[in-house]
C-alpha cells in the first residue's frame, strides 16, 4: 500500500533527470543573438500598422530614404542625399546604387514611387496616410532620382520620410504582413506567433560587414520576471526595456551589464481644461507646484528618469528646459488654491491605464502629494481600450497620467494641442498657439522653427496645461558578451550594428 | 438514447452559437473599439475613420456578426487584427500546446492525487491522513502565479534543471516535455490536492459499504480489500471528475501560460480581449466553449450509462 | 443526543475566528495609515517600527495586511451570499421546471459554466469598471453555476424521496414542497459549498489582481498586495511573504471549516439515498467541494 506514492515520486524524479540534460536549448548555437521582447509584432508590414512592436523588429528588415542615428540626426539611408527646391514644395532624393531587396529585386526610383503609392493607396488603408496627404505627385526623372511634389511646403516631410512606417517595401511582394521583403540588413527567416521571430542576414545587403551577427532571434516573453530569468540563465543575451526596479536585482550579477539612455517617452499628468476646477489657471498652477517630480522619479522610476518642464523630450534638439518654472512648493500651491476659490481643495479622479504599471504608480504618488494641499484625488485604473476610448478620444476624464511618444519631428508632439486636432484631449484652446504651430510646420528655416517651437513649449508650460513630469530612461540589460546596446530616440530595436563575443 | 444524444448534440451546437453571438455583442459593447486600439496614441488624427471603414466596423452589428458567421461556417475565421495573421493558423498552432499542457497537468494531478488519496484513507495510523491533509490544504492555498514563478526560480535559475519558459516543437517530444513540466506541475498541484480529497472521501465511503464489509468478514487482508474491492468502486466518481478537471484545466491555463510564456490558447485569449481583436476572441471562445460543453456532455452521458435512473432528470 | 464537534470543525472554526479577529482589528486600528507612503523607507524588511516591513512605496505591510484582509473577507462573504442565494433560487426553479423550460434553463447555466470564467471576469470588469462592487459580482458569477447545479441535483433526488412523495400525495403544492421539504434538505450541503466558495474567493481575488482586474489601488487587498510584490520578486522577495501567508491562512481557514461542516452534517459521507450500489455521482457531500474548487481553478490555475 505504501509503494504507490513512492512510485509516483520516482517517476517524477526520473522525468526530471531525463529532461535535465535538455535544459540549455537556446544558448547552444554560438553566433545567434537572442533577445527577449514582451509582445508579438502586429505583422511585418510597416506601412499597415501603428504598432510599436512591429517597428521594433521591421527596423532591421526595411530601410527608409533617410533614417535616424542614435543621436537623433536624420542621415542618408537608401538616399545618399536630398535637396529642397520650389520654396519647400519639391523634395529630390538621389538613390544609392546597387541596392537589392532580399528577394533579389533591384531598387529603382520606380520601386520607391510604387512603395509610396502603396502607402497612400485606398486599398491598403495605412493609418499613416494623413501624414503624407500633402504629396501631390511623385516623379522619377531617372532610375536613381525620385522627386516628391508637395501641395504646400512641409517642414516635417523629411522626418516623415525617415519614419519606420515609410519603409521602402517591394511593392510586388504579395503579403508583406507575413512575408516581408525589404532592403534592410536582415530578412525574416521564420515567425512562430507567441514564440519567436527569427531574422537572418539579408544576402543582398548593401552595407559592408554589417550585420556582424548572422542570426537574431526575438523571443516573445510576456512576463518581466521570466525575462530576467532568461537573461540570467543565458537563454537570451539582451532584454531591451526592463522595469527600473529590476536594475537593483541585476547589480552584481556576473556577466550582465545594464545600458541606459533617453527613451522617446515623456510622462505627463494631463488635466482636462474643460472640467470643473481645472478650468482655472490658478488651480492648474497650484497642482504644478504641489507635485514633487523627484518623488515621482524615485517612487515610480527608481531614479531612472529626468524631470521635464514642458511637452518635449530632453533628447530632442528642440527641447527647452523649463523645469524651474514650478518648483515643488506646498505653501505656494495652497495659496494659489485659496486665491482660486478652493481654500479647502476639491475632489478629483486621476485615470490611469492599468496595463502601464509606471503610470499607475505615478498616479498613486501624485494622489498622495495632492492630499497635502487639500485636493482629494482618487486613482481610477482602466483598461487600455477604455482609456483610449473614454479619455483620449472621448475626453471624459478629469486628470490622467500618460506618456506621449516622441517621433522624429517635434510637430507630432506639439500639434496635439492644436484646437482643431481631434487628439487635443486636454481641451487646450489657443488661437495664438495654433498659429505658431502652423507657421512652424510650413517654414523650412531651421533657426526659425526652433524659435517657434521654443515659444510653443513656453506657452504650454505657462498655461500649466499639464504637469510635465519626466522623461523615463530606456533600460537595457544585456550579456557582457554583447557590445553596448544602441539606444535610439524612437521606439526601435536596432540589432545590425551589435557585435557579440 | 440515440434521440437523447442527438438532442444534446444539437443543444451543444446551439450553446456554442449562442456563446459566439453573446461574445460578439459584449465585445463590441465594451468601451474601446478595435480600430482605436490598432492606432493607439501614435497614429495621426484622421486615420481612425478610414480604418474603421476598412475593417467594416461602421456596418450594423448584426451584419458584422453574420458576415463573421458566414465565413466561420466555411472554415474562414478571418484575420487577426492583433497579429495580422489568419485566425485559423493561430488557433491550429496554439490549441495543441494548450491541450498538451492540460493533459500533462491532468496526468500529473491524477498520478499524484490518486495514490496519495488512497494512502490518506489508510486507517492504520494517523500519519498519512495528517500528511496528506497538509498537502491538500497547501496545494489549494498557494496562488498559481506565485507558485509558478517560485518553481521557475528554483528549478530553472538556481538548479538549472529545466528551461524557464517557452516551448519546443512537437517533433522533439522530450524537449517539449522539459518545457511543459514546470507549468504542468504548477497546474497539477491544486488538481492533485482536490483529487486527493475526493479519492480519500470516496475510498472511506466505499469501505463502509456492505460488500466491502463482507469481503473483510471473509478474512481478506486490508490490501486485498482495498485494491480489489474498494478502489475500483471508489474510482467511479473520479472517472467522472476527470472530464470536469480537463475542461477546467483547458480554461485554467491562462495564468500559467502567462507566467511561463507558453504560446497557448489561454494567453492568446487575454491578449485578444485586451486588443478587442474580435475575430480572434470569437474563435478562441468558440474553441474553449466547445471543449467545455463537449466535456460536460460526455460527463452527463457517463452518468446516464452508469445510472439509468437519471434519464428523467 | 449531541455528538462532540469533529476536530476538523473545531480547527476550522478556530482558524476562521483568527481571520475574523485580524480583519476586525484592521477595522479599528492599524499601526500606520495603510496608504501613507514613505519613499525613503521603501522595501524595508521587518523591524521594530514596521513589524512586517514596508512595500515598494514604503507603506507599512502590517497595516495594509490587516485592512486588506478585512476587505477580502467582505468581498468573499458578499459574493458567496449573492451567488448562494441566487443559485438556490435558480436551482430550485430548474428542479421544478420539467421538459423544455428546465432544460433550457440548465443549458443557460451550462453556458455560463462553459464560458471561461476569466473571460466573464474580464468582460464584467471592463463593462462595470474595476471596483469592489464589480468584483463581488464577478466572484458571484463565477460561483453561481456550481450552486445552481448542486441545488438542482439535490432537489431532484429529494423529490424522489418517500417523505416528499408522501407530502405530495397529501396534497402539498409544489412551492410548499420546495420550501418545506426540499430546502431544508439542500441547505446543509449548500453551507458546506459556501465555505469552500469562501476559500475560493480569496484565491480568485488574488488571480484577478494578477491579471489587473482586481480592486483599485491604493486600496489594499491581499490579492493586489501579492501581485504588486510579484513585480519586485527579484529585488525584494520578502514583500510577497506576508500577503502570501495571509491568503494561505484565509483559504485554509474556510476550507477546513468546509471539511468540518461536512464531517458534522453528513457523518460517514452519507448523502440522501445511500444504496449498496456504486454511486454514479461523486457523493454529493464530497462533490460540492470538488466542483467549487474546480471553478476557482478556471480562474486561477
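A, B and C label the chains in the order they appear, each numbered from 1.
The definition used in the following text is that a residue touches a chain if its C-beta (ideal position, glycine included) is under 8 Å from a C-beta of that chain, and two chains touch if they have at least 3 such contacts.
The structure presented is a predicted model; accordingly, all values stated were derived computationally and were not measured.
Asker: Any idea which chain sits dead centre by C-alpha averages?
Answerer: Answer for the innermost chain: B.
Asker: Please flag the chain sitting at the greatest distance from subunit B, going by CA centroids.
Answerer: Chain centre farthest from subunit B's centre: A.
Asker: Of the pairs A-C and A-B, which shows more C-beta pairs in contact?
Answerer: A-B
Asker: Need the CA-centroid distance for the pair subunit B / subunit C, whole Å please.
Answerer: 20
Asker: Please work out the Cα centroid separation of subunit A and subunit C, and write it as a whole number of Å.
Answerer: About 43 Å separates the centre of subunit A from that of subunit C.
Asker: How big is the gap, in whole Å, between where the Cα atoms of subunit A centre and where those of subunit B centre?
Answerer: 37
Asker: Using the touch definition from the top, which residues of subunit C touch two or more other chains?
Answerer: Residue numbers touching two or more other chains: 126, 230, 233.
Asker: Return the residues of subunit B touching two or more other chains; collapse runs of consecutive numbers into ranges.
Answerer: Within subunit B, the residues that touch at least two other chains are 30-31, 149, 153.
Asker: Quick one: which residues in subunit A touch 2 or more of the other chains?
Answerer: 225, 355, 383, 385-386
Asker: Which stretch or stretches of subunit A touch subunit B in the complex?
Answerer: 1-2, 4-5, 7-8, 11-12, 15-16, 18-20, 22-25, 39-40, 42-43, 45, 48-52, 125, 127-131, 177-178, 192-195, 219-223, 225-226, 229-230, 232-233, 235, 355, 383-386, 388-390, 392-393, 402, 404-405, 407, 412, 421-423
Asker: Using the touch rule from the top, collect the residues of subunit C that touch subunit B in their complex.
Answerer: By the definition above, subunit C touches subunit B via 103, 107, 110-111, 113-119, 122-123, 126-127, 153, 156, 199, 203, 206-207, 210-211, 226-227, 230, 233, 240, 244, 247-248, 251-252, 255-256, 268-269, 276, 278-283, 285-287, 289-291, 293-295, 297-301.
Asker: State the interface residues of subunit C toward subunit A in the complex, per the touch definition above.
Answerer: Spelled out, the residues of subunit C in touch with subunit A are 35-37, 39, 42, 56-57, 126, 129-130, 212, 216-218, 230-235.
Asker: Can you check the complex and tell me which residues of subunit A touch subunit C?
Answerer: 224-225, 228, 243, 245-246, 248-249, 295, 298-299, 354-355, 357, 360-361, 364-365, 367-368, 379-383, 385-386
Asker: Which part of subunit B faces subunit A closely enough to touch in the complex?
Answerer: Checking each residue of subunit B against subunit A gives 30-33, 36-48, 50-51, 53-54, 81-85, 89-90, 93-94, 108, 111-112, 114-116, 118-119, 122, 149, 152-153, 156-157, 160-168, 174-175, 177-178, 181, 222-223, 226, 258-261, 263-264, 267-268, 271, 274-276.
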